[in-house]
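Worksheet for the structure shown next.
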């Protein structure tokens, strides 16, 4: 396989103790086409911590309940700074640039907490319905270890609270945020879940969460411009598909009306994105000579 | 037409004296499909100052001569700050975030000056070939008036020179930059020129400038993530097409393998983008229910 | 009195609920000369929340136990930004610019917590000894209300912890920080306490805390350059004495080898310093035609 | 002499070609007391480029003609960032933090250009009168070489012009700024000139420039808080005297009503201040056990 030369490059996220135990050489990939076929290789059925990919599901829930009013709480512009930067947040008086930065996702967490009756279960049910796997679970141990060492996210959450951008108790928001990040999914499950975003001709309705076709397309646009921290431009340039990465080493991406694809490899580059995952997707669109551009 | 309610919103660019004289209520639009049809309305044949849209043509020339090595001189990430911000440039030691910010375009100007035998004419010949209009001209008066009051761009150019990012004399770079910004084109000509980027199945070769299909697609990806200053996310969200705007009130956009479209209306929003232009393109993709997402 | 025209200007700190209850029109002032005289007017014996003035006492304790090694934990340069800015802290990787910004004082709190056997009592005993008032007390209610709404300081403390600048538990540091800020003293007591900094020919030794004459003079230099948030230059320019202000409306200042002076008036200007307090000290040095410059 | 161990530390300013030719091991020092005595050692009579020390003379001229109205054009707070930072200037819309940063001194240059009949000669006459040396001269070669490579200052001047903070032509301001920086003085002459600031009981009136005693004291306060770029706090802490440094390796400082002192050694530390110069002054105030604190 063409991406083999990159198989030892990068390091997995070490700041989350529970993630540091994962074998860094695991690799899985799964592609689901809108016509119902799927192709999986290697560790495509091994579950891993989806981390920031959960922000896509959280955004879907928030957009479903808030509609366009959501954008009075969070922006939709690329951040241009590292994914956890406090500078911009302070300069812009507590309004996160987009829902995929940590600050923005903490706002999503706050919105879900105030808008759903049973947030923990409602989130889980929604993602289970999306991918069709009824036994997805949070990894409580990962969530707990992230909260214990999550000083930067705690700083961000306190700054949001200071600016009045979140309503709930800071600790409650942090707990829920780390919990949904700890969700475990396999590449096959992620690809299945993202197929709902790729195939927007099919009505989006899962466990009570509904989105219009236009809303799904707009979420895809956001993934394109903001889905890869401060490497969004690079990913767009090299791969040319909307997607979202997580520090667990996973990436999910879609080709609207064609396919969804998920890849997993724990070694990360300096920007927090999976080295092998990005390479795999770059080769996919280069070989097929097809991207959204 | 649905965008009529927005016809008096915004103000045209006043900081360029020569642009302030344009009738702010002009409106033109032209769409060219890859199968050879074109549709034009109102002032589609009136030429206006393309301003920053020229950066797309400059990038094509630079990518053609430098290839991937270009990216050692300029980044490809969205800037996340106002299009003329010096802060990021200083923080990142003189490396502009992307070729569509003013700082990045000044680097493009420097590269063209050092790589082409007759930069002023070579640029003009290239754009003339792209759109098939042999009589396109720079507006020397606009270029001159921009240089006279262009203190911010002069600050940026000096900062680039301080960091060693540009090679030529500061004044030479500024002169060339303002010259290419002053190029005058109509919507019909812009749409014709951008069709070359939309239709990347056709070999890109114009007046000696050649790009591979992959390079054209990557340029489209850059327009998507960086083409609208700090409103790139908004445009991507609302319109869902790669494109580039200019403070003259023009916007050119493409739907890869489908069509190119150019629109012109001089009134700008606070981010420097044409109010009516953005609305017109939003209605286009909403009505047709088609965007790249 | 010449400062009467300013008696209704400014607003007291409202973000600390317990402080908002204080009568904003109280005014007290006391001057103690090194030759043993003292002059007090109006509410000079009314105790108020000294808030950030406590940072001077905390610095004395830290300098006493750490000596010059203290400066590996915190800088000694003016901050140039608002007193609670997170930007600089992030840009400089968690090293606060000086001990009088909130970030720096949180580091002082951490150092006291790890260096003293009974931090709460040791701090109290030290300040009681400095001013000779054995019945000074913390206002637990103020400390509690500050912690409850102290999201910005909680953000700063978490950011310091993230960068490894503080050792103790975040909550422990915040609690101690707000506690010492809640200390209540009168102008007479503050002036008495600061006389020890003014009169550095007398050995500085109070409740086990000792400083050399050189260390006291250096603390005075720090008060001069960093004692008034982002108004340090203004205070130096207008008053010309080293000092420290607090959002409770108090200011303590010294004229080395001459006198110490404390003033209290709760109405603050936009920079968080007492309007009447600054005016009173400006008139003091203007009328006497004596400042350190 | 105690500072010998530091004699080879640091590097002289290399970015100004004409300065790079100076023997880096020169060392001179001169102290003038208000009672008329003076003490000089080594190269105290060798002239060198005073560079930023000229900003003190420029400020005196501006304060003389503008009075307190000067502060509507430039601030008086320490900058907290490197002496040439553009970030703050942009964030604060073109208002320099203080007159001793490069941005602030460019504003002083603009004010002198618009307020004096013969700026070049008026500045020269003023400094000649201050130090009593009628043959002081600019080094035209140094001024010219600085302008040629002064891209950062050109960036700052253009940014000031963009914000409307300077009135004159950008090139004119830069030329005058670099000219006054190129003034050559010896330590003996600098000490003599600064004696006028130390001895503010004597009427300040030189070549038509007059300042009140209060204005002189306020200038001293500004030197204390802002005179050493982003090392103002360090100098205040270690030396405890108001002063001003230049990248030519000179430092002039004063002890109000006691003495003025000038020292010169071309090797600079990372902050742009003379290594030996700072050490010499630190030992002076430590040995004499006297500083303004």
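Labels for the chains are A, B, C and D, by order of writing; each one numbers its residues from 1.
What we mean here is this: a residue touches a chain if its C-beta (ideal position, glycine included) is under 8 Å from a C-beta of that chain, and two chains touch if they have at least 3 such contacts.
Not measured: the values here are computed from a predicted model.
Of all chains in the assembly, none touches chain A and also chain C. Put simply, chain C has to spin 180° for its C-alpha atoms to lie on chain D, with the angle rounded to a multiple of 5. Judged by shared residue numbers over all numbers used at their interface, chain A and chain B contact each other through mostly the same positions, with over half in common. Comparing mean CA positions across the assembly, the chain most remote from chain B is C.
Taking the mean of the C-alpha atoms as each chain's centre, chain A and chain B sit 32 Å apart. Remark: chain B and chain D have CA centroids separated by 46 Å (rounded to whole angstrom).
The distance from the centre of chain A to the centre of chain D, with each centre set as the mean of the Cα atoms, comes to 54 Å.
Shared interface positions of chain D, defined as residues touching 2 or more other chains, are absent.
Which chains touch which is summed up as A-B, A-C, B-D, C-D.
Per the touch definition, chain D reaches chain C in the complex via residues 75-81, 88, 97-98, 213-214, 217-218, 220-222, 224-226, 230-234, 236-238, 240, 242, 256, 286, 289, 291-293. Interface of chain C with chain A (complex): residues 85-87, 90-91, 151-152, 154-156, 158-159, 161-162, 170.
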